[in-house]
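You will see two complexes here that share subunit A, one where it goes with subunit B and one where it goes with subunit C.
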Partner chain A sequence: MSKKCHFWTLLFILFITSINANAQQFEEMMSRGQIKGNFQFESQFYREDTIIGAEEVPERIRSNSFLNLIYSNGGFSAGMRYESYLPPLLGYPEGYQGNGIMYRFASYQKDDLSITVGNFYEQFGTGLVLRTYEERGLGYDNALDGVRLKYKVYDGIRLTALTGRQRIFFDYGEGIVRGFDADINLNETFSDFFEGSKTRILLGGSAVSKYQADRNSQFVLPENVATFGGRASITRGRFNFYAEYAYKVNDPSADNEFIYKPGEALLLQGTYSQKGLGILVSAKRNDNMSFRSDRTEGEQNLLINYMPALTKQHTYNLLATLYPYATQLNGEVAFQADLIYKFDKGTILGGDRGMDIQVNYSTANNIDTTHLNDEFTFRQGYKSSYFSVGEVYFKDFNVQLTKRFSSKVKGIFTYANLVYNQDIIEGKPGAPTVYADIAIADITYRLDMRNALRGEFQHLSTEQDQGDWATLLVEYTYAPHWFIAIQDQYNYGNSEKEKQTLL
Partner chain B sequence: MKSLFFTAILCFITATSIAQQADKIPSADVNKLDGTSFNTADIKNDGKPIIINFWATWCSPCKRELNNIAEMYEMWQEETGVKLVAMSIDDARNMAKVAPYVNGKGWEYDVYIDPNGDFKRAMGVNNVPHTFLVDGEGNIVWQHNSYVEGDEYELFELVKKLSEGEKID
Partner chain C sequence: MRTKNLLSISVLLALQLFFLGCEKVDDPYPVNVGQSIPYQGTEYIIDTEFEIGNTTQLITFIDNNNWESLTSPNNSNQRFILLEEFTGQKCTFCPDGTREIIRLDTIFKEVLIPVAIHAGTFAEPQDPSSGKYTTDFRVDGGHSEDYLNQFNPGKAFPRGTVSRFDNGSVSGPAAWEGQINSLKSESPIASLTINNHYSPNQNAVRVQIDLEWLTNTTEEYNLQVYLAEDHIIDWQLDNGVAVPNYDHRHVLRKVVNGTWGKSIGQAIQGETISIQYITRVDADWKANDMESIAFIYKNDGYEVMQANAAYIYKP
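Moving on, here comes the complex of A and B:
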């Protein structure tokens, strides 16, 4: 202990001495340094409401707060985030209990090399094999704690190597994650060959492996599990085509009920865009592709990879909150098409001031599986085909029109038709699939440069689940900085009379 | 040991106070719309002001703000030479939608994507929309979180001040 202390004291004295010796240099160095910080505090007060099933919250007040600090100086930066959940706001993962610093890092970048120690967020491609990410608003944070190296070997070639353990609330998962990624921009690497070419090609490949000891008495589990990913992006003029494929060796886990089947995922995306027109078409198939650094975990915990949902992320309250979709990790086939078009001024549909239309269609189905007998297949679980799909999980067709009527009035009109498999998405066995129609008008009236009124009128109709809903929002804004809003959500179609309340 | 610790704290305070003099755009790797890499330290505008706006395709106040500015952007540019950098924080789920949306709406901004939030964290952004104003010397001089109708007029007043060489308090 005392030896250790001596070592640090010595190192510190050396550091200070070297600073004093170069006082001028030091001053110059410090003058380039900067500290940035921000603080966020959110608190809510709760009241019991027996009708809508809102239980009494014993603490009455709950709050989340964060303090971020980042120091940077030339190529060096270091930072931390202090988090406090006393206790966490309702709806936030309950695992966040207490205070502490679970995010701190130091990183140094010089020329083509960058080194990070501590916590970091990283993503290979779209994340099919690895993505550590934070979304404070949702409490999602699977940051790695370890070491990451990034090196630009040659023009257009970037390598990333990392190792670490993942955050789970105020702790780290027991599994160790190791990853390597290479990213090549062919146009830069072979600049002579591609000179003057309109085609741009990016390629990437990654390998990620996790280690977790096997303490299971029933099965012999693989302690090291590897995944491999490859990706290509080709852009030519206004077209872009993107493909990514990932393969995972056998990974028995709580998610897949401890079967030894390998996993795979394929994502294909094509876009075309020019001024006034944008088109996106995408398809995805994932089969047994949950990949966590602890095979016994569930929910959003300790996920190493990320399977993006190919559905539109809605913003209006009735569309976004009642029936949202998230990728089913065990298996899913999904398609999405998205079109955005601008009708110019002076055209029939465009009128005096033009009009925008956005059309989106998406579907998600189960993969088509055939159950296999475990005794003869070494717990492969099932087999599935690329050329057929299973039951419907989710469908969404929606159209949005944006129109300015005058210099003062602007409207956004949305219609959506949803099919939502409650049984699977919410894990409610036997619950009927919900078919819902939603219509929304969002109208802004500008009184003058500072004052504006905005109203949202939303309606959702369905025969299933809780029946019809309506939402009304009126907002008055005084720019800059001030607004006052009143919002009411009314479940007037609920078959249980006492639940037809104004919220 | 005690005195050494004290020295360390002094260093820290020096750094803090100096920090206020120069708040530059931090360096982080983000993506261009064609998927290639771009370093944010290279955001420049020939000594003229820059607006950096964090937004997302799923954020309706962000889109209202950027669509409202788009109607006046040409005039803003003519008058002040300002450049707007629209930094999308869309992640893997939505990043492919950014280019079709931006082109479909006919935006003339410089658009980048920060899918893993590296630039967002470096700038201290917690939620969107979050707007920064950078002066001709590359100093971040003003910021604003959220959007209400009409905020763009205040923003443009500040841009005009900067382009005329005035300071913003």
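Moving on, here comes the complex of A and C:
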């Protein structure tokens, strides 16, 4: 027998011995593993309705399905999401077609280190420089596919580094995203200095860069585009102040009509809270801050960053669906003030059971720009001032009262006044700005511990767009898992008689 | 130790993103010297020596220099006539042709655009040691000889071609007036305007040519641009006498856009063409005696259908 054969025999014996010795440990380790998952299936049946412009759907039935599976064992986890769009529900981006697994990952965490390969979601700060997330209801998913490392370097100091490509439907974007983020909790890092202090300070800094090859013959495009961000959160007692700033170097894209102006965004937020009272005031200004891993993309595709909307997210049908605001990435100045107050029992307004009031006001305007007329030279596009605003995009003043009248009856009453710039928000040139008043009464009558009836009575009044609307919803709940609801929308104020239909 | 290493790696990653993951583009347009540059409805054609390769550089060049502007006469109702005269400083009878041109100039004024093309053996300069006829009036690029060979193959002097009529055939001074009268009575097929913008510190002229077709034709046309200098005082043989201070008139100095110019297609009534040539004026030339000459001619047959001229600088 040659020496080579001896070597392989020895190696085989060692291998078998090793397996025998570790088999018990392996079995024990595997027994600790867990698989979790969930499944979602949503299907809709469509009928043509020429009056409201609902076109015939050849498939008649469309459906979206999702299956999530996650295996975890100690510090290790791996998962996947199977998605099926056969074809996607109407309103979903048509790019979702077919079935597939576009989300899968493996992750390992030990001590202060975490490594993820495959798909992952990440957010730096509020997302001004990077936020990948899934919003299934909107068909939004810009997950990264690559590698991410997270490491706690020292008490209070957490670092994140990542690289990857972004998901676009059943494919990945052309650009490569690289990011780095550092979070420092000064109270933890300098615990001796801050010992006993009521002030808590968190600082953060991020840098995100994307690479996309320049194949454009008309312009010299930057192939590497970076965005830098810094943030601070200071909390003292009942007060919190948060500030975040992001700066993006020249990023000519379809969004900004290929101008080379840098982008920037500033977010300021202050809150005060105590028992029965909460106040939030926030301001945001973003200028040319669309940041995508493919400069030619539009809509909601391949966005790397996220501009939070400083408007209230309504839930009632007429408020939430007819005139919702969407952040304008190319430029926006927004303010929001939110007051929540609880009238205690026994007060004049509180009555026997107390009453909650929430007052919210938000505005969003264009930034004030001056055109530079340099489209044939440096293509900076425009200059803008921090201290003035442009045309109104959106205004929302709303008040909500929540009152329990008895142990069985509870009411939520909402009034809202909206100003909605259709031209900009919906991209309908020349469409008039909508001024709308909305009143909503939401009454719940609890029959017993299990059974409840709820009714929503909504009315929207406007002279623009489609005119007045009314919505009625009746819902029966069998606690804790079941409910059934019936809803009807009536556009009775439409100036075109044939469109005054019940939906 | 592991913490220290990872911290170092993190710092390196961050620095990479700061310094490598970011490119600032100062000039959005690709630089390609020699390309024609479309800008605000005008096609800019620029001598490569200016090293202007995109709109950014073009506009910077224009904005960073002072320009004196002069405009040509209006010829929207008049066909202007080009007279290309072949001459040479050692051509003894050529001054007779020049004198005829001066006479015709007083008759036809702006309608007549004379150009003296020094070409042939009479135009060859003599050795400097001879002390006379040492200046070379022939234009760079051999264009003078090309024109001579094409329009005056018999090399007879003085001869001239009036708007390259009759396939550019040349004739003697006695025939010129009749030919001018005949051609100028025809309706123009286009209006052709020249706006010269001259920069003394750059010795550069921007010859803006705006053309509007006044009729429809199926012929193909070319646009030709010259620079000519008037009143050059130098030696000339004049009827056997060597004259040291002879006044050379309308001497062709530069063929701006190649021997046969630029193709501009067919005439379509109402359509306009705007072209600007940016070219150097030699430092030895007297800018205040320089004029730019532009004309359009039939691709087939050479006949010049419209022409114009404008001085480039009048301080």
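Here is the rule we use: the second predicted complex is superposed on the first by the 478 of 503 C-alpha atoms of A that agree within 3 Å, B and C clash if a C-alpha of one lies under 4 Å from a C-alpha of the other, contacts with A are read in each partner's own complex, and residues count from 1 in each chain.
Simple rule for what comes next: contacts are C-beta pairs under 8 Å (C-beta built on N, C-alpha and C of every residue); 3 or more make two chains touch, one makes a residue touch a chain.
Quick caveat: nothing in here was measured; it's all calculated off a predicted structure.
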Can A:219 be said to touch subunit B (first), subunit C (second), both, or neither? second
Output check: A:411 vs subunit B and subunit C. Expected answer is one of first, second, both, neither. What do you get? neither
Give one of first, second, both or neither to describe whether A:350 is in contact with subunit B, with subunit C, with both, or with none. neither
Chain touching more of subunit A, residue-wise (subunit B, subunit C): B
Using the touch definition from the top, say if A:200 reaches subunit B (first), subunit C (second), both or neither. first
Of the partners subunit B and subunit C, which touch A:37 in the superposed model: first, second, both, neither? first
Identify the partner contact of A:260: answer first if only subunit B is touched, second if only subunit C is, both if each is, neither if none is. second
For A:87, using the defined touch cut-off, is the partner it touches subunit B, subunit C, both, or neither? Pick first, second, both or neither. neither
If we overlay the two complexes on their shared chain A, which of subunit B and subunit C does A:250 touch? Say first, second, both or neither. second
What residues on subunit C touch subunit A, complex-wise? 3, 6-7, 10, 13-14, 17-18, 20-30, 39-40, 55-56, 59-60
Parts of subunit A lying in touch with subunit C, wherever the complex brings them together: 113, 151, 153-154, 159, 161, 178-180, 182, 207-209, 211, 217-226, 228, 249-250, 252, 258, 260, 376-379
Subunit B residues touching subunit A in their complex are 1, 4, 7-8, 11, 14-16, 18-19, 21-24, 26-27, 34-37, 57-60, 64, 67, 91-97, 99-106, 115-118, 121-124, 126-127, 144, 148-151, 153-154
Considering the complex alone, what residue numbers of subunit A touch subunit B? 9, 12-13, 16, 19, 30-38, 40, 66, 68, 70-73, 77, 79, 109, 121-123, 126-127, 131, 133-134, 136-137, 158, 185, 200, 202, 233, 235, 240, 242, 269, 271-280, 282, 306, 308-310, 313-316, 338, 340-342, 356, 358, 402, 442, 444, 446, 449-452, 454, 477-483
